[in-house]
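Each of the two complexes below includes subunit A, the first together with subunit B, the second together with subunit C.
Let's look at the complex of A and B:
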């Protein structure tokens, strides 16, 4: 047998003084890292299988475990890093395309962290959200170009269908299949309680969740899984998925091993069959074709649902967004290159797409220049990590944001980036019944509500500091932002001044 | 109800079709209005003329008969019902169909039957009387596609290139004396046997009924059957990283 060149990424450190041999870690680890050696009479671990999800660390009753980065290194080399070398070993051994999950982990610039927010001093005093009314409600959809009045001078309601959000934060698309039924239930219940929306992703809508329809965005992707009349009518809006930030230009393959039971029945495909979403929609080769899908959905739902078109942030995103706005979409969702995924080829995830901050700024600017910004709302995701990111996104021109990774983390995800293995120990990115039941929707939905409520209060505080009392006044208000440590080109694209200017 | 479409905007036409309490609707002089009958159920619609793109998209049980040609994306993602076209249909006919039947008397354009799928008793069926363009049944995940090649004199199977690429479910029947050429690796081809033909006998009779063909002349010919090699065409593509 050939020598296995791989080295474990992590090392499990067990404090034998504390370990009581209860074997809870062994029972809880779906990766089968821990085992009891009867000859040695003690717990052992196979480090090679560990993904550092921290399940064992969290449940160990005596806190006997910790997981550390393995300090066994290959010979150091700034060019040929261990990562580069180990990936070559993997591909040389298997001939496979490297598959990863979650967002781009590379040390590429995070522009959110190079943007600072303004506050009022002396003039235009700050507002205290604890005693003043602050508005974070927002509406997504096409806004009328002008006010129309009837013959009595009364305003005519010429507003097309809108989504009403109590908070400018929605849960982004994650399909039933990529995440578990309990995770979907948690998102659906939290969205209902918060007065916002979650998104089915492309895996259809489980029959148990039709009750959350008023807070659901249903997705139509190239595979059209689970798409039928009742599904389209169940949601508050319909999202056409053209692309995803983690894998622009790539479709999705839910392997047959995950397409089982209720996942298969919700997608309406035979059990065990691969669920393939091709990279393109095969009826869309142009903006005109996209317009056709937008309008066929509007016709099928009698113009009662706003249509969202979701794209990945790519180089020509501004021109693409302009086409989408002209194609009749009500809302454009843009997903940045740090957006998460249940599975994506590593090379695509880490090298394709652009940062959402730059994409958002250029799209907002382009639509304004063309005089069509009011025709669409803009929603951005990939990745929004905290309430300050939300405020910065809105000030750069977004109407609302999508959170996916942050929502998963609120439900207990530890960002071990192993979703593609389908053995999520936290019951989120798995379909194994014994693992799924570890995620309690009562608790997880509460955690999601807590997170978004806390962010909402922080948004109010930040807005109050700027002397702004409604999210509408923050939208596109780039004067409230300054860059730090950015080049003039970057500042120009972001449309902001440098700190101190 | 009878509607003369002429230059009527699709929105107005479709509203009329949708909102009439009558089950039968006849549209005269249809000249390219799009999205007719999208998502509709429980209606019988006759169209004289040329309906526009996305005829019967998400169709949910209505029956549509077209006396004329249909354009692109006919029956896109349809769930149930039937579309019968006394003429030819354009590209992406029956894209992502999940149920119901489409009968095209003559030819279909590129990408017909792409990503058709099936689930339990819902098995979509697409019958093309003449020839189909390239990319027929790409990514097919279920359902039945039949291409009859009536009046085919090319000496080749009546399908274009890349037939069944990425196919991972369902069946494609091709009526031809010549085995289809240049099929992709994911597709297995063989001559139809009697069990195969039994599966589509009723469907072929329905096609013949619709367009006044003699079933004996259509059915008693050589058919080739295309099926996927595997349900999991990309299983060995990846390495966990």
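Let's look at the complex of A and C:
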């Protein structure tokens, strides 16, 4: 057997003075890192299997465990980093495509962190959200170009179907399959309680969750998994998934290990088969084809549901978005290159797509230049990490945001980026019944409600500071933003001034 | 230092308005006296007036008031006007020397009608044609600035205290049924005359006290419809919003108020089913035209005057009535000084428009 060149990424440090040998870590670790050595009479660990999900650390009753970065490194080299070398070893040994999960972890610029928000001083009063009304209700959908009146002169409601959000935050698409039934239930219940929406992703909708239809966005992706008339009619809106920020240009990947039982039946595919969505929709090879799918779905649902078209943020995103707006979509969802995924080729996740901040700024500006910004709403995701990111996104021009990774984290995800292994110790990105049951929807949905409510409070505080008491006055209000440490080109694309200007 | 239009300058202000519902001709004297009372609300860096019904002899022609930096810009602009309009009359706007008013530009007045063939060629209505021509002059002819373009009305403004500006333009020699006035308190200013208020477009004129926090959201939305916010002032964008909603979308002024100072959702939900439907529709359909932050505005238009506060009423504004006269001002003193014996005096609620119009048959 050839020598295994791999170096464990982490080292499990066990404080033997604290460890009482209860073996809880062993029972809790789906990666089988921990084991009891009867000969030595103590707990041992196989570092090579550890993904640093922190399950064992969190449940250890005596706080005897910590996971640290392994300081055993290859000879340091700024070009040939350990990561580069170890990945070559892995591919040389297996001949396979490297797989990863969750969002791009590379140290590329996070523009949110280089944008600062304004506040009122003297010339205009800040508003205190504890004492004055402060509104975050948002409608998504096409706005009319002209008002119409009936014969008595009353304004006729000529709005096409809209989504009404009590908070400008929705849960982004995560399929049943990529995440567990309990995770789906938690999202659905939280969306209902919050007065917002969650998104089925491309895995269909489990029968048990049709009851949450009024707060559900059903997705139609290139694999068309789980798509049928009842499904389309179940949701409040339909999202056509053209792309995903984590893996622009390729379709969804659900490993056969996750495609079992109800996951497979909900998708309407054989159990245990990999569910690999085609890279394109095979009925959409161009923009005019997209228009036909948009209108087919509208016809199928009698124009009662807004149609969202979700695209990955890629180089030509502004022109694409303009085409989509003219193609009849009611809402465009743009997913940035830091967006999460349940499984993607590492090289694609880490190298394809552009930052959502730049994509959003150029799409919003282009649609305004063309005078069609009112025809379509913009939702952005990938990645929104906190309420300040939400405020900045809306001020750049978004109507609302999608959160996926943040929602997972609220449910207990520790961002170990191993979803594709299907052994999520937190019961989120797995289908193993013993792991799924670790996620209690009563608790997880409460956590999601807490998170979004907390963000909403913070959004109100930040808005109040700016003297804005309704979210619509923040939308596209770029004068409220300033850049720090950005080049003129970056500022121009973002459409903001530098701090101090 | 950046000029107005290159930088956004916050301002505090004083506003005042007088309206005779029976169309009595009022000289400009009383509006000067009114705004002068609020001297401390201005800082000498901008003042101005709008008068309605002041040009009865040319009431069907557009009256353009134009500032020129030099004769060059004047020649260039007049060439443009000649190519697009039939100029019925042109003259310098009469002024008199006032010690505190200096650096005056060339100030001209033209009564014009769009050239028939040009109008036909443009496939626009008369108003839209005129608006586009005004925007064209203001954005492309360096040193020329059309600051008034309505029919039978005119704007008069300058850098200075408003009472001095009134004297400078000899406003006591004009008579109109409606006057509005503005005293400006900019936090810094390069002192450009065009930056003073009122801001006007066709017969709409706005005087405004406040600093809106929704500025860029409003600006970026309204610029989709051919407007160009070149001054970066609240007043300019508010005028364009009202022009868009009232003239182009044909909303009533009450509906305009329901868009720009929309009631809170809680209030909307407590209304009758019909009102709820209308208010929800307007807030949703024109969401980007909601104006937040403090403002009190007086909108003058042909035959009427509307006063409106932001929905939290973050700026003072009172209304007084006496017989057929309506007075509106930032402070009560500015009304009492010209009419001590009022029949009625009240402070309109935030977001509640006060609309006064000429009596039936007077327009």
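In this section, the second predicted complex is superposed on the first by the 501 of 501 C-alpha atoms of A that agree within 3 Å, B and C clash if a C-alpha of one lies under 4 Å from a C-alpha of the other, contacts with A are read in each partner's own complex, and residues count from 1 in each chain.
The criterion applied here is as follows: a contact is a pair of C-beta atoms (placed from the backbone, for glycine too) under 8 Å apart; a residue touches a chain by one contact, two chains touch by 3 or more.
Here the structure is a predicted model, which is why all the values come from computation and not from measurement.
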Quick check on the superposed pair: does A:283 touch subunit B, subunit C, both, or neither? Answer first, second, both or neither. first
Which partner chains sit in contact with A:265 here, subunit B, subunit C, both or neither? Use first/second/both/neither. first
Considering only touches as defined above, state whether A:96 meets subunit B (first), subunit C (second), both or neither. first
Please indicate which partner A:223 is in contact with in the superposed arrangement: first for subunit B, second for subunit C, both, or neither. first
After superposition on the shared chain, which partner residues are touched by A:273: those of subunit B (first), subunit C (second), both, or neither? first
Have a look at where A:421 lands relative to subunit B and subunit C in the superposition and call it first, second, both or neither. first
For A:296, using the defined touch cut-off, is the partner it touches subunit B, subunit C, both, or neither? Pick first, second, both or neither. first
Please indicate which partner A:255 is in contact with in the superposed arrangement: first for subunit B, second for subunit C, both, or neither. first
Touched partner set for A:120, first subunit B, second subunit C, both or neither: second
Subunit A contact set shared between subunit B and subunit C covers none
Mind listing the subunit C positions that touch subunit A in their complex? 8, 10-12, 187, 210-218, 220-221, 223-225, 249-251, 255, 262, 264-266, 274, 277-278, 281-288, 290-294, 311-312, 314
For subunit A, which residues are in contact with subunit C within the complex? 120, 123-125, 127, 132-133, 135, 137, 139, 143-144, 146-147, 154-155, 157, 159, 162, 368, 371, 373-374, 397, 466-470, 472-480
So in the complex, the part of subunit B that touches subunit A is made up of which residues? 10-11, 14, 18, 34-35, 38-39, 41, 53-54, 57-58, 60, 72-73, 76-77, 79, 91-92, 95-96, 98, 111, 114-115, 117-119, 122, 135, 138-139, 141-142, 166, 168-169, 231-241
Sort out for me which residues of subunit A touch subunit B in the complex. 87, 90-91, 94-100, 222-225, 227-229, 232, 253, 255-256, 264-265, 268-270, 272-276, 278, 282-283, 292-293, 295-296, 299-302, 345-346, 420-421
